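Shared between the two complexes below is subunit A, which has subunit B as its partner in the first and subunit C in the second.
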Partner chain A sequence: MLAKIQRILGTIGLPRLLIALFLLSLFVIAPFVNVRVDTSINDLIIRFGMNAVLVLSLVPMIKSGCGLNFGLQLGVIAGLLGSVISLELKLRGFVGFFTAISISIVLAVILGWLYGQLLNRIKGDEMVVATYVGFSAVSFMCIMWLILPFKSPDMIWAYGGQGLRTTISTEGYWYHILDDFLRINLGSHIAVPTGTILFFALLALIMWAFFRTKAGTAMEAVGSNPDYARSCGINVNRVRTQSVILSTVFAAIGIIVYEQSFGFIQLYNAPLMMSFPAIAAILLGGASVTKVKMWHVVVGTILFQGILTMTPSVINNLIESDMSETIRIIISNGMIIYALTRKMKVRT
Partner chain B sequence: MNPIKKWLIDYSVPIMFILIIIFATPLAGYSMSFLANEIMTRMSRNTFLVLSLIIPVIAGMGMNFGIVLGAMAGEIALILITDWHIVGVPGVVLAMLISTPIAIIFGYFSGAILNKAKGREMVTSLMLGFFMNGVYQLFVLYGMGKVVPITNKSILLSRGYGIRNAISLDGIRQSLDNVIKVNIWGIQIPVMTWLVITALCLFIMWFRKTKLGQDMRTIGQDMEVARASGIDVDRTRIISIIISTVLASYGMIIYLQNIGTLNTYNSHEQIGFFCIAALLVGGASVSKATIPNAFIGVILFHTVFVVSPRAGKELIGDAQLGEYFRVFITYGVIAFSLALYAWKRKVEQENERRSALGLHRASLQKPGGGGINVEKMGN
Partner chain C sequence: MSETYLLRMENISKDFYGNKVLENVNLNVKPGEIVGLVGENGAGKSTLMNILFGSETIHETGGFSGKIIFDGQERMFTSSFDALEAGIGMVHQEFVLIPGFTATENIMLNREITRKNLLTEVFGERMNTLDWPKMRSRALQAIETLEVNLNPDMLVKDMPVGHRQFTEIAREIDRETTKLLILDEPTAVLTETEAKVVLNIIKKLSQKGIAILFITHRLQEILDVCDTIVVLRDGKIQKILKPMETNAQEIAQYMVGRELSEQKSSVWEEREFHEVILQVNDLWVDMPGERVNGVSFEVYKGEIFGIGGLTGQGKLGIANGVMGLYPSEGQVTIRGQALKLNSPKDALNAGLAFVSEDRRGIGLLLDQPLSWNIAFTTMQVKEQFIKKLLGGLIKWRDDEAIAKLARDYIKKLSIKCVDENQLVCELSGGNQQKVCLAKAFAMNPEILFVSEPTRGIDVGAKKLVLDTLRQYNEEYGVTIVMTSSELEELRSICDRIAIVNEGRIAGILPPTAPAADFGLLMLGKTDVKEGVESAS
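So, the complex of A and B:
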């Protein structure tokens, strides 16, 4: 019996279990501190829809052995550029939304290719370099948002007439375009953003199917044993580049899905730290630096966003001060450290 | 490789910075004496912190992003002495004394975790900085005034516990700098601060020569060889991080007594990035950092920092642009240097692998003749 418990603990992992129990206890406490469980669940579903694609975007790079994509911001930047261009073109509704996605896919392919070339030259140090590539790309774009010649009065500063605003509303363009698609109302407090969830399911399905094709299997082979893959005649660098491009493209789509639900396009320093919550979520779901399964994305996003939804309301009512931000910092970064200190086989 | 080309690649970051300075300084149009004073202030403020990065590099642990932990220890000590109204140089010294045990604990914790993440020290220490920021918040924002008694109401938030966002350090403001202040050609030199920095340089030079310092160098070169020769690798690595963390806490106190206000929740956040960028700009790499690297780096990096907002304003008419530009170069420099280093190392490994493979092939072609061909294939 004890051995069995230990084995289950081993597969789930202690921190994951603790956080799941923590989340569960928050839900149990909630009614006693006057927090409505149904609105909390509603928030959780919305946040899941907002973030799931971003978390999903991490999968290809982990599979191909490039590690956790700390350079997620590159994809986010492609997505932001796509969004502001589509707004500049005054495209509304589904046309605007899919134009934004198409433009950002093109940009993400280019950026991802360059990023992949870099990562192939620094194998073994991907994560720390990627972090700083992400940071410098965001700060470079800060300069660009100021000087790029956008003209739409909805997006530039009202005074001065130059430079994009820090937050741009998607209201009137494609605000809630997916969220409101086939929206289902359950009772008075739960409204399921069906479109967003379906869109995520579609992307997840595409990714799942991809890893069953020849190219996908090759990617997994490169991740689990590059030498073996090379001896099978797989061009390791090419496959790695493909995985980086794929991750970047999904990240670009992910941020656009996020924007349509959130209602704002956030520029300048907003994307700076965006990679960390996504990474923490997938690790919470059960992924490691080298291994990931599709359900890790779903479980991880629910757990992580669950904590984010429940801690502000429950903890605030419990001790009457807002500790949620601090708890978020400790849990997300603690989870990443936990994953980095796990033993893993040495890659060359 | 062509030696000139190699030199250019090795020192590409400092060269780039010198070019930016040559280009941007005339644009900014500051007077020479203003610039010199500004650089002197910033050097006395930052050099100690930058120097605290050197010892982990010797031990082969790369850039210690975990100096943020040391900075936090220094800040906690400063909050306490501000609460106790201890002013002047005694305040600074007491702050250093209080921060030492805290920094030792932080350093031990950090070192122990980095030992579990060998080969990934840098990204782990970076995440450790972010993680401890949360723990620091928990302690300072919720613990202080509740668990830790704070009597001075003026540094507490109005709700009765937790420290305010900004604390004025008037009591110790520039107290170290003003002990002896010499004015040479209009440049104010805080002699006492420089004596402290010199003492640290001497300590680092002496430390390199001790048994412990030599052990660290061996570990930095090859961990397996070090282990085989009987060095306790894990322990020595922890010690190197503890030293770095303690030094960083002193460095943070020197830094903040110069600035005079403590941004309770932000002061430490950027410290790691800026110091590491400065050291890399000085020509250091992940595996090699010297005292001159630190000095040159601080001068180059901060000159660009001083001139870029004004240069940006003159060039595009927007000071904000210069602000963004300097953040960009901070991150850019780190990304570029780390990538360049990793790339060079990979090329070297590839060359080694190729020559080893050639050796192996030669020995297969001529059974028993592998030994003879070694020299030929070595080329």
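So, the complex of A and C:
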């Protein structure tokens, strides 16, 4: 009996269990502190849809042994560029949305290739270097957003007539384009953003299928043991570059999905910390620095976003002070530390 | 009588997790005596010395049995510090020096001569200042005893290898208490002149009354300097000889073992081969620790070609070089066609397959299931086990075919496992080796390179692996190039055996050749070999 419990615990993992219990307890407490459970669930579903693709984008690099993509911002920047270009072209609806995605895929492939070349030169230190790549790319773009020749009055500063605003509304272009697709209303407080969820499911399916092809199998082998892969005639550097490009492209798509649901394109410093919540989520889901499964993405995003939705409302009402941000930071950064220390243990 | 011995080791036995490496070894050393210790790799030389020197690994792996009597007292060293204190010094095979320190600093390390100063009064001994001039002169004195030209102020990292070795020896003899010095292959990395200097040092030290235990693979050195020669084989003392009464050939014979081999090789009937399938010409491979310096040989279609030699001489580099895993230069032709070097993919496409000596490092995907491990290479190189969808645009992995292949090999090679989905890291060494073989067989290779196929697996599994190789050779006509440190293994299945010494092929012999000939080739005595051959 005890052994059975231990085995179940082993597969679920202690951190996941604790967070899940914590989340459950928040839902139980919610009605007592005047927080509506149904709106909370609605929030959770929407946040899941917004963030899931970004979390999914981490998978290829983990599988190929490049570690957690702390340089996720690079993909985000490609996505942002695609979005503003699509807005500049005054494309609306699905045409605008998919134009944004197409442009950002092209940009993400280029940026991802460069990023991949860099990561191939610093094997073993990918995550440290990636963090700085992400940060410096964001800073560089802070300059570019100001001087790129965008003209659309919806996007540039009203005064001066030059430079993009910090937040640009997608309203009137492709706001909620996926969220409202086949939207299901359950009662007055729950509206399921079916389109966004379906879109995520489609991307997840593509990702899953990719890892069942010859190229995907090679990528996983490179992650498991690069020397083995090399002895099987695989060009390890090329496969690693492929994985980085794939991660960057998915991150670019991820941010566009996020924008259509959120309603705003956030420029300048907004993408700076984008990688941390995504990484915390996938780790919470059960991934490690070297191993990941598709369900880790789903479980992790639900748990992490669940905590984010529930803590501000429930905890704040409970202790009557603003603790939510603190808790969010403790959980996300704590998860990252936990995963990194576990990796050390494997190494020695 | 017994008082005259400085060191007596009685009935020393040691096993590593049930694997016996030393059995009832008795070793006596008189003061000032030079004892040479010879034996093949794995004969137990290093383990014996580690026991004497109180190495931690011995105690971590369950200690040993037997008695050590040093200087008239029964001793049991639990750490190297104890051994040092008792007066045993050791010069290691790998240098144990601090690269960024000078010769003086390394020689005087932890025995620094210090002066008291004001801070000492307040904070105690730890604040003593170093007395540089005195330390330098002490170091110089030690260097002078060696009669070598070594700059005491030179950083160790800037020194040539020979000087590093001198620094190590100087450090050991600076200890005034040293009564017994263990030298573990001190000449292995030295040039001939440098080696001579070391040998002179050894003689001089022994005249001073310091006993020396000297391990080397160079037989001539042993014959030149030692008073007594102890031959170890398979953890037992095979023979104790006096240099005046013996010669290199006899020592080699005792080292390699004779009677056993003659029986085994007689089972194998001689086969004739005519068609050359693999031709290696002037191959250089830069594999760390196993450099190959220009080897040439031919392998005939259908034969089992053995490559033997001592560790570090380059025998492993050959297969790794041909397979493109380490940077290499030279010409390799397969069926008359030149093979592109430094490209594993081309090697695999040319019909070669490789079972690496580094099973866990490059042979396996440890955290993946058995089925993947077996099928992966074939899938990537030959595009088997793949379903092409959308006109070949998508190459879908055929998990069913992979599982079937894995189940076939599990049955054929009787791999012990739960099923084909079990992770390879959960299997035992022998079964992992079988997975490696299955991986290579799945490629249907024309030429199969196998390196150290029986390393680290138990006796039963060893036989099975060798039988499997032979069976594949006979049934499918696969040409096998097998590299192994174990000569007996090579002699039991190979048609011809090449012995590698210092990165070159010292000679190629039939398995029926006397063991002593192999021994001499391993030690680089190519000239003696011809004499022996004509005699036999």
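The criterion applied here is as follows: the second predicted complex is superposed on the first by the 342 of 348 C-alpha atoms of A that agree within 3 Å, B and C clash if a C-alpha of one lies under 4 Å from a C-alpha of the other, contacts with A are read in each partner's own complex, and residues count from 1 in each chain.
Please note the rule applied: contacts are C-beta pairs under 8 Å (C-beta built on N, C-alpha and C of every residue); 3 or more make two chains touch, one makes a residue touch a chain.
Note that the structure is a prediction, hence the values are computed from the model and not measured.
J.: Once subunit A from each complex is brought into register, does subunit C clash with subunit B or fit beside it?
T.: Once subunit A is superposed (C-alpha atoms), there is a clash between subunit B and subunit C.
J.: Just to be sure I read the superposition right, which of the two partners does A:125 touch: subunit B = first, subunit C = second, or both, or neither?
T.: Once the two structures are laid over each other on A, A:125 reaches subunit B alone.
J.: Which partner does A:333 reach: the first (subunit B), the second (subunit C), both, or neither?
T.: Only subunit B is touched by A:333; subunit C is not.
J.: By the touch definition at the top of the document, which applies to A:323: first (subunit B), second (subunit C), both, or neither?
T.: first
J.: By the touch definition at the top of the document, which applies to A:142: first (subunit B), second (subunit C), both, or neither?
T.: After superposing on A, A:142 lies in contact with subunit B but is clear of subunit C.
J.: Tell me the contact category for A:133 with respect to subunit B and subunit C: first, second, both or neither.
T.: In the superposition, A:133 touches subunit B alone.
J.: Give one of first, second, both or neither to describe whether A:231 is in contact with subunit B, with subunit C, with both, or with none.
T.: Touch partner of A:231: subunit C, not subunit B.
J.: Residues of subunit A touched by subunit B versus by subunit C: which partner has the larger set?
T.: Looking at subunit B versus subunit C, the one contacting more residues of subunit A is B.
J.: Please work out whether A:276 is in contact with subunit B alone, subunit C alone, both, or neither, and reply first, second, both or neither.
T.: first
J.: Starting from the residues of subunit A touching subunit B, keep only those that also touch subunit C in the other complex, and list them.
T.: No residue sits in both footprints.
J.: What residues of subunit A sit close enough to touch subunit B in their complex?
T.: Residue positions touching the partner: 70, 118, 121-125, 127-129, 131-133, 135-136, 139-140, 142-143, 146-147, 163, 276, 321, 323, 325-330, 333-334, 336-337, 340-341, 346.
J.: Contact residues on subunit B for subunit A in the complex?
T.: Residues 113, 116-117, 119-120, 122-124, 126-128, 130-131, 133-135, 137-138, 141-142, 159, 316, 318, 320-321, 324-325, 327-328, 330-332, 334-335, 338-339, 342-343, 346 of subunit B touch subunit A in their complex.
J.: Once bound in the complex, which stretches of subunit C touch subunit A?
T.: Result: residues 323, 325, 343-349, 354, 356, 358, 361-368, 372, 376-377, 379-381, 383, 386, 394-397, 399 of subunit C touch subunit A.
J.: With touch defined as at the start, can you tell me which subunit A residues reach subunit C in the complex?
T.: 209, 212-218, 220-221, 224-225, 227-228, 230-235, 291
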